[in-house]
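Both complexes below contain subunit A, partnered by subunit B and then by subunit C.
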Partner chain A sequence: MMSPKARREFGNFLFVAPYLCVFLWLLIWPLISGMGLSLFKADLFGGASFVGFENYSRLLQDPVFLQAVGNTFYFVALTVPALAIIPLFLALMLNRATRTAAFFRGVFFSSSVLSVTIVTLIWRMVLMSDGGFVANIIGFFGFDPIPFLSDPNLVMISMSIITVWWCLGLPMMLYLSALQQVPQDIYEAAALDNTPWWKQLTHITLPAISRTVVLVVIMQCVLQFQLFGQPQLITQGGPNGASRPIVLFIFEVGFRRWDIGYAAAASQILFAIILMVTLAQYFVASRREGRGR
Partner chain B sequence: MSKPFGHMGWRHSLWWLALIALGLIMVAPLIWTLMLSLKSNSELLRSTTNAFHLPYTLENYAAILKSSGVFRWLFNSVLVAGLTTIGVLTLSSLAGYGFARLEFPFRDVLFVVVLFGLAIPEQAVIITRHQMFAGLGLHNSYPGLILPGLAAPFGVFLMTQYFKAIPKELDEAAMLDNASRLKVFWKVLLPLTLPAQATLGIFTFLAAWNDYWWPLISATRPEMFTLTVGIASSQINFAQTSGLGYLMTQAVFASVPILIVYVFFQKYIVRAVAGQAVR
Partner chain C sequence: MNRVSAIDIRNVTKAYGPTLVLDDISLKAEANEFIAFLGPSGCGKSTLLRMIAGLETLDAGEIHIGGRRIDEREPGARGVAMVFQHYALYPHMTIRDNMGFGLKNIRMNKAEIDRRVAEAARILEIEPFLDKKPGQLSGGQKQRVAIGRAIVKNPDIFLFDEPLSNLDAALRMRTRLELAQLRRRLNATMILVTHDQVEAMTLADRIVVMHDKKIQQVGAPMDIYARPANRFVASFVGSPPMNFLPVSVSEGANGAVATLGDGSKVTTRVKGLTDSASWELGLRPEHVRVSDQGLAAKVEFVERLGERTLVYARLGDGTALTAEDEGLSRVKMGDTIYLKVDGDAAHLFDADGKGYHTPEVG
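And then the complex of A and B:
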């Protein structure tokens, strides 16, 4: 027999139990067994032999994987600053209670609700050099089409443009909500002093919303390190692997070549990279904040 | 109101010019897609510049209505996204109430573990989850498409925060009346969380509707594709496609339901990210 207290606590536990079951079954267990799997040479057909860290050392010598890591960092370096800065300016422009501003907020957020397959379908028709929208426009002015998707030096930049167009809505909304929290009397005082607007921006607005800037940068880092659909659908990683990110590498190795131990190892490296970048930014941000006080 | 860009004459015009220019860049790809979808495939084969002028036709839309595949995908998407949303709302509300209000051993440790789950990217678990589901025969089934979405910890985090913000006196008073925990939860607290339910619901629905990774590897039979994966499958065969106009009509057709949801729930989406600040 359980004591009344134990029975009561068991009854309480039943509220969280359904979620915890799903959580442990579909998130924690696959994570742990994935770490285990990365130490095996395994394929889909049941064959598996323990190889220790061989998958990892193979990855670090695999030029295809190293190129994918380089591509991913390059992509993050292109998109995250753009997705931290462009939405900030949009938010500054749209931070007013007019119908026009509300309409444009809706316009800039609308792309965020589309799925990656629609976004890539649309943008392929914009960027392709044979009859794409941009090619038609610049062709009208007598210029040759730009090989956005077939030039290895341009393809990641094209992916970044697509991604910024797709993802800028959410950071804009986050900035808008942060701007609403800034006390208005500071601006009124600044206006009396005739402070120019760019000084107001750097001395009042930016310090006041610095936490949101950090939040946006961390969120976008986590998101953009997981780049997959855009290159998978438009270029299949080409030309010459110039647009293959880490996740596409995992997908090809795990679900096309069925070398699942190797793919599991690559996905653990991606997890580690994302975790380290997130923690680093978090610590830098909290240290700076501590010094400010 | 915005101080950086005041209402002075030339500055105001500059504001308008910049907004219209940026807005045009934003919608130009969408308009281009719409124009292409309204052209006959043979005309586009000659040159896509034809899309800039008349004649326009609805033949691609008629073709879509005749093909059954797209409607099956639409049905799958509605079902999967809808059931995922209902499941997440149910599990998150129960767990949020439990973590925020009730006493049981290891409660705080368990909550920290759930928070840690927020940092796990899909790719770190997808290979072993795919194996697990293969072993259970769940691929190409609705449970197989829905279950993974239920494990996301964000909803539990959100609902726990929300329940914590509700004054404790409310449920304590009800408890004194000898109401059961389930009754307090159902009758007193749950109605107060409706704004949070709306927020969580719309974001879960959007995420499930747009999810590409998991349905791509789990649903391999065309009749189990979601709209997102189905549109991708016609895109992969881009070179031998039945026609550009038809492909773009699919894009329009697939965006319309979610854009309608967006327009309808815009208020909640804005409120979701903005607190109550931006109206």
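And then the complex of A and C:
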């Protein structure tokens, strides 16, 4: 016979069991089998031979992979700060109960509901050097078109602009909901305390929503390290690999060259990078909070 | 110690959309006066306070402090400090920084800020908490910090928005006393918003009773209690509230004689009545005593408060009446009792609710 406590715990377990099964089957199992797979030289037809860490050592000497890692970090460095800061200012401006603010909240959020296919289609038409929207405008003033998508120095910046445009809706909404939690009377006290607007931002608003800032930064890091659709659909990683991120590298190796073991090893490295960056941010943020207490 | 300044509110009106909340309010306060805005919730008392602070705009009218018009100035430039109902402390700053924040913002030198914070902390006995954060403090301690943040500014006027409403009963009573002592020490003009008549009665020099967008009466606490201007003030101030009995009125030798529904008469000393379609006799419970003779009434409910007993009774004609008896009263529910009415202390209210009272002696 089970004790009442054990029975209660077993009952609790039953409630989470369905999700746990799906979680283990679709997330943990692929993760572990991916780790296993990365130690094999394998292709899609089932032939696999154990090679130990050879895939990893090959990766670390593969200039295409290293370029993809560099591209990815560059992209994250361009997009994450922008996606942490621009939505914050949008939220600060739109955090009021007017119709205009509600309208613009809708406008800025609307891009988030589009699929990557539509986003890239729109932006290709905007940025194309041959008859694109921007090219037409600057052509009207007599300038040569800017090769946004074919200049290796510009292509990642273009990807970042596209991504920020696409992704800023959700962080803005998160900031808005955080801002609405801040008690209004604190701002009133600040007004009576002669607080200038920037000091109100740095001394009252930002400390009050710091958890949300951390959440947005971690979430955007996780998302933007997995950049894939935009370069895949617009440039296929070109020119010269200048817009190839890690996930596109994994896709090409795995599903074009069918080198599954090698792709799995690259996936593990990406997983490790995201995990480390996330944990680092989490620890920094929680330590600061601990000190603030 | 403080610069003294009076406040002068002139014809202030405020509406939220189509809803009028303050209708042509005018009020003056003298320097060092403690004024309480008293009224039920929604009477506009907090709105008026927030207008003085600059947290609400005026639709019409002017507000002057110390002879200067301030209603168009920024909240921080009005020479007022406010203590909020929910304290409104900055949660991420230490108590010291909370108190000094406003002074830093006006670039006061650090030594002076430290001196003022230390002085306020000493007065309020919050020195041990100066390096803690608001989240680590109890409600009463936060309240002191909020008051401290106001004191360090050395303002012309202190504004208190229901400062005691978040405290439990025992702490509220203690804080009320401390507020009274603080007031004596600071010698500044103070305005308190409250819906609690005990707070208003005990703290204020003058009470401004507000109801229905307007000021109903302005006066010293005992004046408001003893000579309520109208039926609303009479019913709102005093606990339990005044009894109102429909009567017919005739002229007597020393004042009006009120005839109750059952024909019994109460001789009052109220004089100078004007014509009115109907009259109500106003009697505070302490002026209706349980006795051996007088008005016959049936007891419906008895509340024993210790030092006195409240008897809720009904007269023969069905009029409800609250009377007082001594603490050790033997009156029980269902008893028939006799009530002795002190006609000298009775009030009369005409059909419009205007109050008439016994003329003041001297």
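Everything below uses one rule, namely that the second predicted complex is superposed on the first by the 272 of 293 C-alpha atoms of A that agree within 3 Å, B and C clash if a C-alpha of one lies under 4 Å from a C-alpha of the other, contacts with A are read in each partner's own complex, and residues count from 1 in each chain.
Here is the rule we use: a residue touches a chain if its C-beta (ideal position, glycine included) is under 8 Å from a C-beta of that chain, and two chains touch if they have at least 3 such contacts.
Not measured: the values here are computed from a predicted model.
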item	value
First (subunit B), second (subunit C), both or neither touched by A:31	first
Which superposed partner A:193 touches (first subunit B, second subunit C, both, neither)	second
Of subunit B and subunit C, the chain that contacts the larger number of subunit A residues	B
Partner chain in contact with A:286 - subunit B first, subunit C second, else both or neither	neither
Which of subunit B and subunit C A:263 touches, first, second, both or neither	first
Which superposed partner A:207 touches (first subunit B, second subunit C, both, neither)	second
Contacts of A:240 with subunit B and subunit C, given as first, second, both or neither	neither
First (subunit B), second (subunit C), both or neither touched by A:185	second
First, second, both or neither for A:255, with subunit B first and subunit C second	first
Residues of subunit A that lie at the interface with subunit B and also at the interface with subunit C	190-191
Touching residues (chain side subunit A, partner subunit B) in the complex	9-13, 15-16, 18-20, 22-23, 25-31, 33-34, 37, 44, 90, 92-97, 100, 104-111, 113-118, 120-126, 131-133, 136, 139, 165, 170, 173-174, 176-177, 180-181, 187, 190-191, 197-198, 200-201, 205, 222, 225-226, 228-229, 233, 247, 250-251, 254-255, 260, 263-264, 267-268, 270-271, 274-275, 278
Residues of subunit A defined as touching subunit C within the complex	183, 185-186, 188-196, 199, 203-204, 207-208, 292-293
Touch list for subunit C against partner subunit A, complex	53-55, 74-77, 80-82, 84-86, 88-93, 101-102, 105-106, 133, 135, 149
Subunit B residues within the subunit A interface of the complex	1-6, 15, 18-19, 22-23, 26-30, 32-33, 36, 44, 47-49, 52, 90-92, 94-95, 97-99, 102-105, 107, 110, 113-114, 117, 119-132, 147-148, 150-151, 153, 156, 181, 185, 206, 209-210, 212-213, 217, 227-229, 231-232, 235-236, 238, 244, 247-248, 250-251, 254-255, 258-259, 261-262, 266, 269-270, 273-275, 277-279
